[in-house]
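Chains here go by letter, A, B and C, matching the order in which they are written, and residues are numbered from 1 within each.
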Amino acid sequence: MEHYNMNLNLKVWRQKNKNDKGGFENYQVPGISSEMSFLEMFDVLNERLINEGKEPIAFDHDCREGICGSCSMHINGRAHGPWAGTTTCQLHMRAFKDGDTITVEPWRAGSFPVIKDLTVDRSAFDRIIEAGGFISVNTGNAVDANAIPIDKDKADAAFAAAACIGCGACVAACKNASAMLFVSAKVSQLALLPQGHPEKESRALNMVAQMDKEGFGSCTNTGACEAECPKQISLTNIARLNREFIAAGAVSK
Amino acid sequence: MLNAKIPAGSLNDKWNDYKGHCKLVNPANKRKLEVIIVGTGLAGASAAASLGELGYKVKAFCFQDSARRAHSIAAQGGINAAKNYQNDGDSVFRLFYDTVKGGDYRAREANVHRLAEVSTNIIDQCVAQGVPFAREYGGLLSNRSFGGTQVQRTFYAAGQTGQQLLLGAYSALQRQVSLGNVEMFARHEMLDIVKIDGKARGIIARDLVTGKLERHFGHAVLLCTGGYGNVFYLSTNAMGSNVTAAWKAHRQGAYFGNPCFTQIHPTCIPVSGDHQSKLTLMSESLRNDGRIWVPKKKDDPRKPNEIPEEERDYYLERRYPAFGNLVPRDVASRAAKERCDAGYGVGSSKQAVYLDFSEAFSRYGHIEAGKRGIHNADANMLYKLGVEVVTEKYGNLFEMYAKITGEDPYVVPMRIYPAVHYTMGGLWVDYELQTSIPGLYALGEANFSDHGANRLGASALMQGLADGYFVIPYTLGNNLADDISTKAIPTTHPAFEAAEKAVQATIDTFLNIKGTKSVDHFHKKLGKIMWEKCGMARNEANLKEAIVEIQELRKEFWKDVRVPGTANEFNPELEKAGRVADFLELGELMCLDALNRRESCGGHFREESQTEDGEAKRDDENFSYVSAWEYKGDGQYELHKEALEFVECKPTQRNYK
Amino acid sequence: MKWSQFFGTSIGKKLLVGATGFFLCSFVLVHLAGNFQLLYNDNGEAFNAYAAFMGHNHLIQFIAWGLKLVILLHAGIALQLTFRNRAARPVRYAVNPGNQTSSWFSRQMAIMGSILLIFIIIHLKDFWYLFHYGEVPTVTYKGEEYKDLYQVVQVAFKELWIVIIYVIGMIALSFHLVHGFKSACQTFGLNHVKYNGLLNFIGVWIFGIAVPVGFAIIPLIIYFK
């Protein structure tokens, strides 16, 4: 792969805190190597801002290997940028060319208020998990791990759903800021496994109720979440959530 | 000599006897006891969930925006357990033995045995939580093998085992949050321990969003804050991984155990330039099928595919014919460094070796052609069939490699180089996981206890969860049973006041230096010193130099660092400044420890202590102990020793030839 | 969870939109079948008899009123959800992905639905209201007198602007159903790799194309006749 350097024009959302109105600021960023990751490009810019006595740009990031779900940038209109199945930290500057203008915004959702610049508060996701994204089994209560065989296809499907990293790209990408893909991934994972069956009804009802309470929009099945999900969580999970929800609603008291 | 409070009796009975005799706290009293848990990785989340279930009042803290993002999430390969589901001769004793031996006889036997005992419960617990481990067609759990073992005992969920285990523990934790047993403080960083009458009784934490300092009381404090590999700046750790909690505890009197024991993982994607912010691991499992080589000619300018077979040096196979490419991590790492230092490195930086799958493509291609009854397959066809098999096994890793490097590893061999991955050292703890400060505990990677001088693959996850789910619920109760009459101490206590003031003063100092260089500037410099002089190979002269250089760098840091922004806002640079300040002290202690340990063992390679053909040479006579360092003021440390006794595993020199 | 709570949730509301949507889908099929009688060369006898039957049968009348209620329910809940969805993102993006991540049709459901609603009101006023409450000429077949709705239609569709309104209405119907049918299936959990092809075919080719074209072709034929 040929390496090259590029000069970029960055248009970044700056916002002091959640009460600030915020706005875009432009930065000329010269000499960016195609080998850098997108966040390393931000490191370079931040280093410069610090040296110039300015405030660096705040953004969430941690593992930088695409699994922790911290990073969360809306890049040129795309959650996590132009590469499919990729988090922002794994997006590399090869995706851009000299002279490009890149607009970077925070995840936009009423349920994800901006904390500062590109950092948003995604604690709504934690509260949704609290509402039922678990199996109630205290430590020490478990039977032998091989006591209940699980159909491999179902185990694989459960794993595919469980791969969700909770980054919120589905919400960011959805025109309705809906959290259905996130909720459905957890409901699906636990509904597919026999261990999750005893609580499957209350889980579906409670998690959806909490999702609504947090103010996320509703799903209009556009599929943007699936297209932007860095872990390529499938829309079939949303269908499964709907089935679980209907079944639970029909029999719950 | 330090007393680790190891129960008497035979290794097999110690833990059972302990559980049978330890003191208990009745449910009504548990409700009155408050426990602070810092860190929500595998150890922290599992401890918080388990203690919450028991009825303790738990407060859990993490600096990330959610408990689910702790760096345990990034573990790829798997988790060991002595289930013997494969009927291949595994047992608690074998897992115990492999771990002690893999740790090059620098771990505590009793702890490791307990770890092996509870390993089986972990798998049961995780499956019950809905962790989707890989399964066979019959619906039962699948296993694979990892380095340093002869059995298949590793449970896994594709290349995302750590993620799945953490999400399991996280869901158990969130359940306790919803039940009101655990109060969760995300985006909070612990900045000091509060000690009252010699006991740990709380912490000072900073709300990272508002910048406000908070005081939290606890009858006990658990540090589950992970390792300190980021002292090297570049490592496979997350950007936020830090030593601050452990280091603050150390400064308050907790001994630091074996700080120089660092694991360098042989297969990481090499550094591509000065901009590099972190390194990415390529799973150990790749060494099952990939062959590692460098050109036989120095500074060979040719592309890898242009170098004919006879001009390639498969140096691991050459040096270690018995184990070949599957030698343990420390051995493989040193061998790569040796080749690169000798001038045979590849890639633009010359700090890399090839990990080549072309033989695997053709081998699997032949097998696949045979299976499908294709008898006249040409090379192209065989390659295609082989690629299919390799994709099935390692597809996600190949994809990640391609994203990061822009090269197609199916066509061009991967370039890899060793990188800092894990720290076996950590806060010294006794058998009960209590540090030398009463009431302060350390769990998971934050303690030093189970892996000796080298950790085996798939054992970190096992240890984190063992400590949190199955050890601390007993050992904490045993100690808190004596504390049931202690009422919650109000945080207006002078000790809280003083601690908060000191933390505030440090923050103010950072902001008032208004120097000329960024925090990262110092971090990178520290990392370079550590990597070059306290990295894969260490010697007396270098370590002594490093200590001086670190001291100077530290001075410069406190004079010239520039921390923008203010204290009362979300300020990531301020967070980093605090962490790097602690790394600048830890780095010195690591060098000091490495200097003191004039033997080679596991990940610690002293050039002065090697065999004639360049292998690590242990010195059991003089160094069969745990170094536990006590902080005595800036740059002053006192060494305490915990003697290691090996009753069941008699130390032998490791040999992989 | 009580039913009242169930249908108060976002998914519950979507189920109502989906269920009413399915009902309306079945209705357009019946409606289209009836409309094709406008193309018979029988001077409107079949069509007018059909209209009289539809207008006087009590069961049909009951369903017809129910239909109007269903339309209002469908539109009302959908609009409520739409407003809620917009409120879920108080600050909009400066750059949007356009068609890179979702189909254009899927994002225009509210717009197309609104156009459709306006069209339906016009349509009801033009024919249904006139038929029931207005002045309609009569015609006699085999000794029986019928309201000559057929003639009303023939006259109306000689007006270019009415034809244009109807064609626009049917374009809106097409765009609405290209996504709407599949979307309702997904809302009811009907997503299975074995049947998705069939559902997709029904959604796009039957409801998205054949039905609207079928409707639109009638005014066009009458206009150009």
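Heads up, the rule we're going with is that a contact is a pair of C-beta atoms (placed from the backbone, for glycine too) under 8 Å apart; a residue touches a chain by one contact, two chains touch by 3 or more.
Computed from a predicted model, the values in this text were never measured in an experiment.
Peer 1: Most remote chain relative to chain B, going by C-alpha centroids?
Peer 2: Centre of mass proxy via C-alpha means gives C as farthest from chain B.
Peer 1: Nearest chain to the global Cα centroid?
Peer 2: Checking distances from each chain centre to the full centroid gives A.
Peer 1: Could you put a whole-Å number on the gap between the CA centroids of chain A and chain C?
Peer 2: 37
Peer 1: Taking each chain's centre as the mean position of its Cα atoms, how many Å separate chain A from chain B?
Peer 2: One centre to the other, that is 26 Å.
Peer 1: Please report how many Å separate the Cα centroid of chain B from that of chain C, as a whole number.
Peer 2: Chain centres of chain B and chain C, defined by C-alpha means, are spaced 62 Å apart.
Peer 1: What residues of chain A sit close enough to touch chain B in their complex?
Peer 2: 1, 16-17, 33-37, 39-41, 43-44, 47, 49-51, 53-56, 58, 60-70, 83, 86, 90, 92, 94, 115-116, 119, 121-123, 125-126, 129-131, 133-146, 148-152, 155-156, 158-159, 162-163, 165-166, 189-190, 193, 195-196
Peer 1: For chain B, which residues are in contact with chain A within the complex?
Peer 2: Result: residues 46, 49-50, 53, 64-69, 71, 73-74, 83, 85, 121, 123-141, 157-158, 160, 163-164, 167, 170-172, 174-175, 177-178, 184, 186, 209, 236, 238-240, 272-273, 275-278, 280-281, 400, 403-407, 469-470, 473, 516, 518, 520-521, 562, 564-565, 569-570, 572-573 of chain B touch chain A.
Peer 1: Which chain A residues qualify as touching chain C in the complex?
Peer 2: 24, 74, 76-78, 103, 105, 108-111, 173, 175-178, 205, 208-209, 211-212, 215-224, 227-228, 235-236, 238-243, 245-246, 248-249, 252-253
Peer 1: Mind listing the chain C positions that touch chain A in their complex?
Peer 2: Interface residues on the chain C side: 1, 3, 6, 9-15, 81, 84-98, 100-103, 106-107, 109, 179, 182-183, 186-193.
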